[in-house]
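You will see two complexes here that share chain A, one where it goes with chain B and one where it goes with chain C.
Our next item is the complex of A and B:
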């Protein structure tokens, strides 16, 4: 990990308006849960809000973070200045991953814990389970989106297709998708911590292993793609 | 602009070539050409092969259920369509959202980012007209996306000899609803794309506004319905394009649904908000491009 790269990547992530939008999604989610808690009784609507946060807000934050640390540089070609420096490309990829991953944990997984706790303070265990499950999913998502950003210019759209079509639409239609869906791995971890939560039934060991393998592999792939990087013109 | 075509005296370098003296088309013709080019570009026509992939893949996904329904209708011989014309767009709203979000930057961001906007504005084309022409392209592209499955379903329904009057009425209502939805989506996506010249950022921003917003509204509506406070759900439905569309769909076409707008007043409010949202976004676009042109 390279401290200078981390600093630059966090500037790219939080600088200007991007940081605001990144913040807006979790803030709105937490505000909604506070509002619901104030207007209704404990636990009402908790599942709806957390499902929304887990299946939509978390992947979007991870996608925005992962594409923000790598996407714009690849887009306008300024990444050649970075790649011209004598820094291992895998270190470049890993440093950027760490920044995006931190953002996804703080702005994607932590709000889940907050929401769950706000809406049902009597069950801190469940709040923790959502947070840990969210963290596992955030790790896998960030890795995948990083690799996509290094692979293609259309990383954001491909990432959206993965989240919304593959995991959302097809995941609901074909139960087999759960084995290769990042979201269900996190859910399985959450279920292992709190029995009350939905059990996708892929097994804790598989879920953790798959998430770890995917994240490691993806970061390595991103580094490898940066190693043999070719600049292309705008389409 | 030298509308008369008379060459001015202050020539730096005159090789003696004959200048163009034929008729020159005005702003309207330029705007029309821009709309057509924009519509083609939104589907990747006239651009590189790679940029055709995404819009056509999305369009194919969007048409797939309609084709399947058509097949079922033909082979099983149903008495009515298994999915309503207007319900279709609500079912495939994720695809629609991705399409609009991904193609809006193609029309709105690229000229701003690469500075080619100055070339457009060097023509007798005002910034506001440029913005509206671009929005028109996106609107037409969205309508193509929204209405082609309706058309397939309608043709199949007629060929399957379902009741013509009833089908035509339903399809016409779906077209009206689709127009309202397309207008608001165009406005929202266009404004976000014009304000953020980074492509990926605009795409995620639009999706966040459309789908996360819709998710929030759905959550509020289901809780409101559960708590017996339908009024809250109806008001919550006013906040995002998809929930507005869904509300009108439930109220006008199918009945049922979670907290649909009850009463004429609320329905009018839903329509007004949809139209008002689109108008506000279009106005924002015009202002944005005027500011760019003034710089």
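Our next item is the complex of A and C:
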């Protein structure tokens, strides 16, 4: 990890309009849970709100963060100014990952804990389970979206398709998909911490291992793509 | 002292050949890479800076391959033509970050020195998205100079820079060349190149068209037939008179009136044409050079004929 690159990536994340959208997602989610709690009784609608947060808000935050730290620079070629330096490309990719990952944890996983706690303060165990499960999913999502940002100009579109079609639609239709669904791995971890939560049944060890392998592989791939970064003329 | 060597380098994108069998050796001093837009200058600079893999041939810096070799950036600085992104940073933050990424002992001091060299100390506290094109160009340069590189590659560095800054930048490049650094810059303007560069490499349509000092290149470009269109009130009589002239190498009648005249020695032609017109009582209505554009000059260099 390189502190300079971390600093630059943080600027890239927060110094632009995208940063505001990134903040808006968790804020809306937490406001929603506060309203539900005020208007109904404890625990009502908790599952619905958290499912929404887990399946939509969390991957969205990870997608926005991962593409913000890498996407625009690769697309407009200005990353060449960073790459014309004697810095290992895997360090570049990892430093950017750390920034996006931190954002996904703070703005994607932590709000799940907050929501769960707001809606049912009597069950802190469940709040923790959502947070930890969310953190595992956030790690895998951020890695995947970073690799997409390094591979294609259309990372945001492809990322949305992954979230909506693969994770959302196909994951519900075919049970086999759960083995290769990022969201499932996080849910399994959440279930391990709170039995009351849904159990996708892939096993804790598999879930943790799969998330780690995916995130590591994706960040390595992003670094390797940066090693082969090609400068194109305007002509 | 560093030397960049391209040996039989070609690069194609799909079935488009961007660079075709180019061999050149860029040594200490200033080299100008001259060619019209779309000639492959940016592609060549990308190959020379390790941001493009050759489809054939090798590109090396002091014997080390450039592609996928991060270490070359210790000795190489690149000022790409690409717009600088990073609008959300200040100029100082960007140059300082560059110094840190190079692992310099005192990045703050190095950044200030580089900003001073390009005369950007004062606006360095402002965000880059408030800069003019010339200022962005100078910040890019500061960022490439911060580690005092032995090799500096600049892609169209004079684009969008005002005349005073252009002079300043030319002085800076001359100074770096005199210090024994290897400096290469691209341009599509001959006058710009010959003001600074000792050695000129000409590329046209992806091919290495000519190489030499600016005197040789200038002669190559000027010692060639120049095309004029001459419109008069008696085209055939004028044509007959022109054919007899030593300085003229070709005359053709144009379908809609007027003559196409190829002139080998245009100094003599300029003196002779008014005299001929008077002697033969021809009134000249129009005299237009038709191939002043740089493209035709380059086309001549490549094809032997305009």
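The rule is short, and it goes like this: the second predicted complex is superposed on the first by the 230 of 235 C-alpha atoms of A that agree within 3 Å, B and C clash if a C-alpha of one lies under 4 Å from a C-alpha of the other, contacts with A are read in each partner's own complex, and residues count from 1 in each chain.
In this text, a residue touches a chain if its C-beta (ideal position, glycine included) is under 8 Å from a C-beta of that chain, and two chains touch if they have at least 3 such contacts.
Quantities reported herein were computed from a predicted structural model and do not represent experimental measurements.
**Student:** Once the two structures are overlaid on chain A, check if chain B and chain C clash or fit side by side.
**Tutor:** fit
**Student:** Scan A:2 for contacts with chain B and chain C and give back first, second, both or neither.
**Tutor:** second
**Student:** Let me test your reading of the model: by the given contact rule, A:84 touches which partner, first (chain B), second (chain C), both or neither?
**Tutor:** second
**Student:** Can A:72 be said to touch chain B (first), chain C (second), both, or neither?
**Tutor:** After superposing on A, A:72 lies in contact with both chain B and chain C.
**Student:** Output check: A:25 vs chain B and chain C. Expected answer is one of first, second, both, neither. What do you get?
**Tutor:** The answer is first: A:25 touches chain B but not chain C.
**Student:** Is A:192 touching anything from chain B or chain C once the two structures are fitted on A? First, second, both or neither.
**Tutor:** neither
**Student:** Quick check for you: in the superposed arrangement, does A:154 touch first (chain B), second (chain C), both or neither?
**Tutor:** Touch status of A:154: first partner only.
**Student:** Between chain B (first) and chain C (second), which does A:109 come into contact with in this model arrangement: first, second, both, or neither?
**Tutor:** It touches nothing on chain B or chain C.
**Student:** If you've got the overlay open, could you tell me the nearest Cα approach between chain B and chain C in whole angstrom?
**Tutor:** It is 9 Å, taken between the nearest C-alpha atoms.
**Student:** Per the definitions at the top, what is the overlap between the chain A residues touching chain B and those touching chain C?
**Tutor:** Chain A residues touching both partners: 72, 234-235.
**Student:** Quick one: in the complex, what on chain A touches chain C?
**Tutor:** Answer in residue numbers: 2-5, 7-8, 11-12, 15-16, 72-73, 76-89, 227-235.
**Student:** Would you pull the chain A residues touching chain B in the complex into a rising list?
**Tutor:** Against chain B, chain A makes touches at 17-18, 21, 24-25, 28-29, 32, 36, 40, 44-45, 48-49, 52, 56-57, 60, 63-64, 67-68, 71-72, 75, 154-157, 160-161, 164-165, 168-169, 234-235.
**Student:** Show me the residue ranges of chain C that touch chain A in the complex, using the header's touch definition.
**Tutor:** Of all residues in chain C, those touching chain A are 37-38, 41-43, 45-46, 49, 51-53, 68, 70-74, 76-78, 80-86, 88-89, 93-94, 97-98, 100-103, 140, 143-144.
**Student:** For a test of understanding, state which residues of chain B touch chain A in their complex under the given definition.
**Tutor:** 47-48, 50-51, 54, 61, 94-95, 97-98, 101-102, 110, 114, 196, 198-201, 203-205, 207-208, 211-212, 215-216, 218-220, 222-223, 226-227
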